[in-house]
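Naming follows writing order (A, B, C and D), and every chain is counted from residue 1.
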Amino acid sequence: MKTVILATAIRILIPIFIIFSVYTLFRGHNHPGGGFIGGLIGAIAFVFHTMTHGPHQTVNTFLKINLYGYPRQPNQSRSLYLMRMMRVNVWRRRRLARHPQLKERMIRIEPIYIIATGLLLAATSGVAGLIAGQPFMHAFWADFYIPILGKPGTPILFDIGVYLLVIGVVLKITFVMSEE
Amino acid sequence: MELLLPFLIGILFSASLYLILHRHFFKLILGLILFGLATNLFLFVIGRLTRGGSAIISQSERVATEPFADPVPQALLLTAIVIGFGIQAFAIVLIKRVYQSFETTDLDDMSTTDQIEENH
Amino acid sequence: MFLAILAGFLFAFAAPLLYRWLGKWVYVPMALLPFSIFAYLLTLTPSVLGGDNLGEVQQWAPSLNINLHFYLDGLSLLFALLITGFGTLIMLYAGGYLKGHPLLGRFYLYLTLFMTAMLGLVLAGNIISLFVFWELTSISSYLLIGFGHDKESSRASALQALLVTGLGGLALMAGLILVGMAGDTYTLSELLERGDMVTNHALYLPALVLVLLGAFTKSAQFPFHFWLPNAMAAPTPVSAYLHSATMVKAGVYLLARLTPVMGGTDEWQYTLMIVGGITTVLGALLAVQHTDLKAILAYTTISALGLLVTMTGVGTAPALEAMVVFLLAHALYKGTFFLVAGNVDHATGTRDLTQLTGLSGSMRYTAIAALLAGMSMAGLLPFFGFIGKELVYEATLEESPFRWMLFAISFFSGMVFVAVAIALGFGLFWQRSAKPTPLLHPDKALLYLPPVILSITGLVFGLLPGFLVTPLLRRSAEAMLGVEQVFELALWHGFNLVLGLSLLTIALGYVVYRFSNRLQAYATRFNGLYRYGPANLYQLSLKGFLAGVTKITASIQNGYLRSYIAAIVLTHITLIMLSLWKDGPRLELANRLPELAQLRMYEVVLLLMIVPALIFLFKSRSRLTSIAIMGIIGYSIALFYILFGAPDVAATQLLIETLTVVIFVLILHKLPAFRYLSHASERYKYILLSLAFGAMMTYVILIVKQYPLDSELKAYYGENSYLLGQGRNIVNVILVDFRALDTLGEIVVLAVAAIGILAMLKLRMQKGEKP
Amino acid sequence: MNHLLLLLPLLIPLYGAILCLFFWRYVRVQQLIGILAQACMLIASFVLLLEVNNKGIMSTQMGSWPAPFGITIVADVFSSLMVITSSITGMAIYLYSIKGLDKARQTFGYYPVLLILQMGVSGACLTGDLFNLFVWFEVLLICCFVLIALGGTKPQLEGAIKYVTINFLASGFLLTGIGVVYGIMGSLNMAELAVLVRTPVSHPALISMAGMFFLIAFGIKSAIFPLFFWLPASYHTPPIAISAFIAGMLTKVGMYALIRLFTLIFVTDQDLTIPLLTVLAGFTMVIGVFGAASQNDFRKILSFHIVSQIGYMLMGLALFTPLAIAGSIYFIIHNILVKTNLFLISGVVAHRNGTFALKKLGGVYLQHPFLSLLFFISAFSLAGIPPFSGFWGKFMLAKAGFEIDSFVIVITSLAVSLITIFSMTKIWNEVFWKKKPESDPLLDVMADSEQQASRMMHVPIVFLVVFILFIGIYAEPVVSMAHLAAEQLLNSELYINAVLKR
């Protein structure tokens, strides 16, 4: 399946898929869609990527974060240092990566952690009610709208949890399977 | 009232059971998936059907207006589909592992755990 | 009393520890326990003899009306004294007999456990707690019989004893429940006053049968007698204690205890007399045949137990009086004999009568004990056994339709008892012999003191009957009779018919002894009969049972998945049909036929897509084609969901279907080519079954949809999902709010599935598992 | 407080599992989390039981949606008893797993899955909604799939394929059954359904038909005759830590669901269900015990006995008197504890001797007297010898049977109990009393350190034996709670009022 055209096409399509999946997630409360469908759409994008490029490539592209850092100078103020670090990591990583003092640290996002985060979000959205002395999963809504995303509330948090979990699960399954 | 659908579901059930009763485990897994489909359809159909109107409250309304499809079977169905997917995925992998271990596709070769050991 | 029982259990479980600390001296505390209980009971004796029935209640399971009632009257006092008194001696004896045995601690554990259970049994004032102790005696007996657990035969005997008494135990439980229902109480003291209520109850007969089954198995009555001789695999102290003096008498105790409750009816009388009579004669007959000391003792014990049961069955005042006296006498001399047999076995290494002779020189004290016990057993004059036998004869000769029958039975057994008494009490020790059997070690005090004490007690009771035991025995007999009854025990009744018969018994017994060799030779001719005996029947049925269940199990649990599924689906269809069979709604398809006219295009299209796809699926032998066809079916169904206003479901179905296909491709593409494995012979059966299953499902849908559905859920969700749930997509609101718990469960399923797939593909145990 | 208390049995294992997932690579941490979660579960479930026992049925509506529109979590005495039993068992299993399960398996998600399994048990026992019940059963099911196949040895895979197939079908039947119920009555809330079936309906036969779907579905899950085949094929294949929990808990949760549904909802057509259940109960007992008697493998004997004992529980339901149902409930609790413990003991024995085959085992009586004592207590509890726990269940069932003149089933059950004694003594004779046969040199290697480890494995067994002895020798608390539970079950008004807040 590793044809170049397909591979390229998929590489281009993936951001679109992901944006679409997030969109589906948030509009789900009012239109067809929701955490599941959104999650599945997002996951399928990754699945195609994995099928064309192999799991390692997928991990390297999407699930690996390279962080750079260097020790704080004694006379450097803490806030300035943090600013620098952020700049190094976010905007100018390529260029600054050649800095001799820089240390590279790689963080791989295990899909299991995505699963766990999803579960945690979903469960905790319900616990909010318990803390307030209400039943489990009692819904709390904010009384303002955020454009596109809609009204924030604990059920939306729940749906995000579902979304993350579905992505994590599908990713994990496909990684393991395609390594076979 | 859709008169053909119950029969279609019946056919699906029959076909899936027949596949499940095969000795070849690839057929078994096909049968299981088909069985899941049939079950889902069954759940959907038996909760009564409403043609057209989906269970979405239109922007102009505050409550849903008839006719709209009963959302309950749909919600149940969604849950059931996803659960079914999880189990099916597991079953497919299981079949794969079974094949790797036993190097056979014949279910009848897998009857050792039920056998009674001799004690003498 | 409760404390006594509790102390018993505590001591029992402390025994292994005590053994670790005290070594061979462990017998001291263990003997002290029954002795102190014995002493304690003696202090209670005056008040019991004075006519009080002592009671004590401990709450146990009040919601089931089961409490630890204790009830002490003459009968239970007699037994309790027997148990603890004899128990003291046995504890001492065991200390000598099993000295140096590595498992002595465990032995004391079991023995003390048994003793306590037995004590609990006779003291219980609630028939269910009686049953609890009853079963405890069974399992402790099991452990004791299997004490020599290295030997196959020991294990088999233990199992046999447990199964037979266990069978009885279960019957007894059922019986006691029925008795409790008939008498509307489990409390003994109340039951004892409700005899009429029980015997007139509709459940009386089944209760009787079950209770008797329990008593007969425990007391080794015909046809359950066979376990007792085998139980002699236990160490001798156990045989002496359990299988002669106490446990086997539990059945007799139960019968005696329940006499006022269930006795007095014809059924009771006849059954007891018949079974007891057969057992008496059979035990005596079998005793003559054997030359193994313990076997002889076991069979005479069976015979004696039979006699006790018979006497209980007769149920008249003299008979019950005879029964208690004989019971005590028998316990004393038979216990002695068992201990003597144990001494001989221990000292010489054999129990075969034909190889043993002239032991009086080397085992003087044991010999004296044996002589005394023998004289008591033979029923010679100043001994307690004499009184017992006199009373039995007197009781059997009472005016009744069966008097000669009863007399013949007791006479016959008496004769054999005399013969056995001569052989064991005299022949073994005192008969002159040129070559006395050599001893492995000299006689030991711990071993000969208990039998000597026992046999002397027999003599003392005989000499002074009125002084020591009469009041107690009278109270026991009264407990059975339920009325005051005055009787006196006397050694000398004057010259009368009974005395003459006694003498005749002794004379004939001597004849039997003289000719025992010939009798044995003659008896071996009948050995073929064993094949039809209950012992063999037990073996056969055990073997047959095992073969049978293996066959049944192998045919049911045959290892073929498809036959399992077929069975399940068949059951399913049957049950559904069963539920609709009777006054189920009828399907009215006819008046819905016009609907066919409104057939929608999509339905037809769907049908036209799915049915051919299915046909292709059956025909296809290529995996990829099959996968593709599955995909087509899945997508068509998704299409269908769209048509019926379920866009979310449709989208999910589509995506899931895609993923499934992907997984299929990822996982199964390396499998070998499709071979068509089928089972031609079964194919038609399976096709039929599948069709029936499909038809049933169709039928279910049609019949359910025949009725209107008014779902209040639908209305509620329609109204509130936006107003309260803040969402316009009702399905989504249900998923994340109304029924979010379902969704939580569902994502948990997904997470676990992912973990499972990961584990399955990544974790491969190389060698066999480590459990 | 109610809201929290009712949710704790679900949330504690869930959060435990989530934490375990975050510490995926650190087995030690997972063990710690597991133990901690178990301890919390024990406390929470104990408090729940006390509360329910004192105050009656408690309920909470998920998301504040009034019943029957949301999902209700409801605890009566029966479900609280189930939850506490499951947490006791869970604690024992965890204590056992630390030493008793190989490291490789522990690293692959054993702890989170086991925690989720417990969550599933709690969920299934506490839910008041039919579809939610299905969801929890699926949670249980997938956990069992994963655990049974964990490690992927040949027998495990073979067992798993039968287990998965048949239980997948069962889930299908359950789902169709739920569909039928919704199609007839338009509700999923169990209390609401209980109200609906008790009002006159035009088509009562349909309700009993729906009942049949559930009978089959939960019948498969609780392994009644003739639906039990998957159990003897699979339960003995995974490592003991896994089979012990599954064998102890799972079928009983199925039984819980059967008892719940057939006392609450499907009570309309008792002319059909009671004889049917009676017949099934009888056959289940007999066939199960026959299977057990025919086996010569420690675990297989125990597995088949599960089937047989399910028969007893079903018998209590079939007799349908307060005493009988109390007997069933008592029996379930007793059986969970005892069966788990017997499996654990078989694991310790096999750990030391390397095999489960009776003919290769022997001599444990002399080598490990303490273990023998523990086995003896558990085995004779199972066989129903007084004063151990099995007796009380047997007694209650027998008494209840006699009270309504069901002599045949009672006699059957007693006969079965005799055969149970037989097969327990078979194990005792072969494994404990018999001399150890000349053994396979391959089987007999065990380092000193492993001996030490196996001593640690006694801890959970002792832990369970304490409970077994407690509910046996001092049966009153559990018996009276079982009575209370049965009363609540048969008096469905209580349940309905608690859920629907009328």
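We adopt the following convention: a residue touches a chain if its C-beta (ideal position, glycine included) is under 8 Å from a C-beta of that chain, and two chains touch if they have at least 3 such contacts.
The structure displayed is predicted, hence computed values, not measured ones.
Chain centroids computed from C-alpha atoms place D closest to the centre of all protein C-alpha atoms shown. By number of C-beta pairs in contact, B-C leads when B-C and B-D are compared.
Centroid to centroid, with C-alpha atoms defining each point, chain B and chain C lie 48 Å apart. Distance between chain centres (mean CA atoms), chain B to chain D: 27 Å.
One finds 31 Å separating the Cα centroids of chain A and chain B.
Centroid to centroid, with C-alpha atoms defining each point, chain A and chain D lie 40 Å apart. For chain D, the set of residues that touch two or more other chains comprises 14, 21, 62-63, 73, 131, 135, 138, 142, 145-146, 149, 152, 161, 165, 169, 176, 180, 182-183, 188, 232-233, 294-295. Looking at chain C, one finds that residues 550, 553-554, 557, 559, 561, 565, 569, 647-648, 652, 656, 659, 663, 667, 697, 700, 704-705, 709, 711, 713-714, 717, 720, 728-729, 735, 737-743, 745-746, 748-758, 760-762 touch two or more other chains. Chain contacts: chain A has residues 30-32, 36, 112, 115, 119, 123, 136-137, 139, 169, 173, 177, 180 touching two or more partner chains. Taken as a contact graph, with one node per protein chain and an edge wherever two chains touch, the assembly is complete, since every chain touches every other chain.
Every residue of chain A that touches chain C in the complex is listed here, in rising order: 28-37, 40-41, 43-44, 47, 51, 111-112, 115, 118-119, 122-123, 126, 136-137, 139, 141, 151, 153, 155-156, 158-159, 161-162, 165-166, 168-170, 172-174, 176-180.
Those residues of chain C lying in contact with chain D across their complex are 16, 59-64, 106, 128, 131-132, 135-136, 138-139, 142, 146, 149-150, 155, 158-159, 162-163, 166-167, 170-171, 173-174, 177-178, 181, 203, 206, 545-546, 548-550, 552-554, 556-557, 559, 561, 564-565, 567-569, 571-572, 575-576, 578-580, 582-585, 697, 700, 703-705, 707, 709-714, 716-717, 720, 737-742, 745-746, 748-749, 751-753, 755-756, 758-760, 762-765, 768-771.
Chain contact summary for the complex, chain D toward chain A: residues 3-4, 7, 11, 14-15, 17-18, 21-22, 24, 60-64, 73.
Listing the residues of chain A that touch chain D in their complex gives 110, 112-113, 115-116, 119-120, 123, 127, 129-130, 133-139.
Residues 647-648, 651-652, 655-656, 658-659, 662-663, 666-667, 725-729, 732-733, 735-737, 740-741, 743-744, 747-748, 750-751, 753-755, 757-758, 761-762 of chain C touch chain A in their complex.
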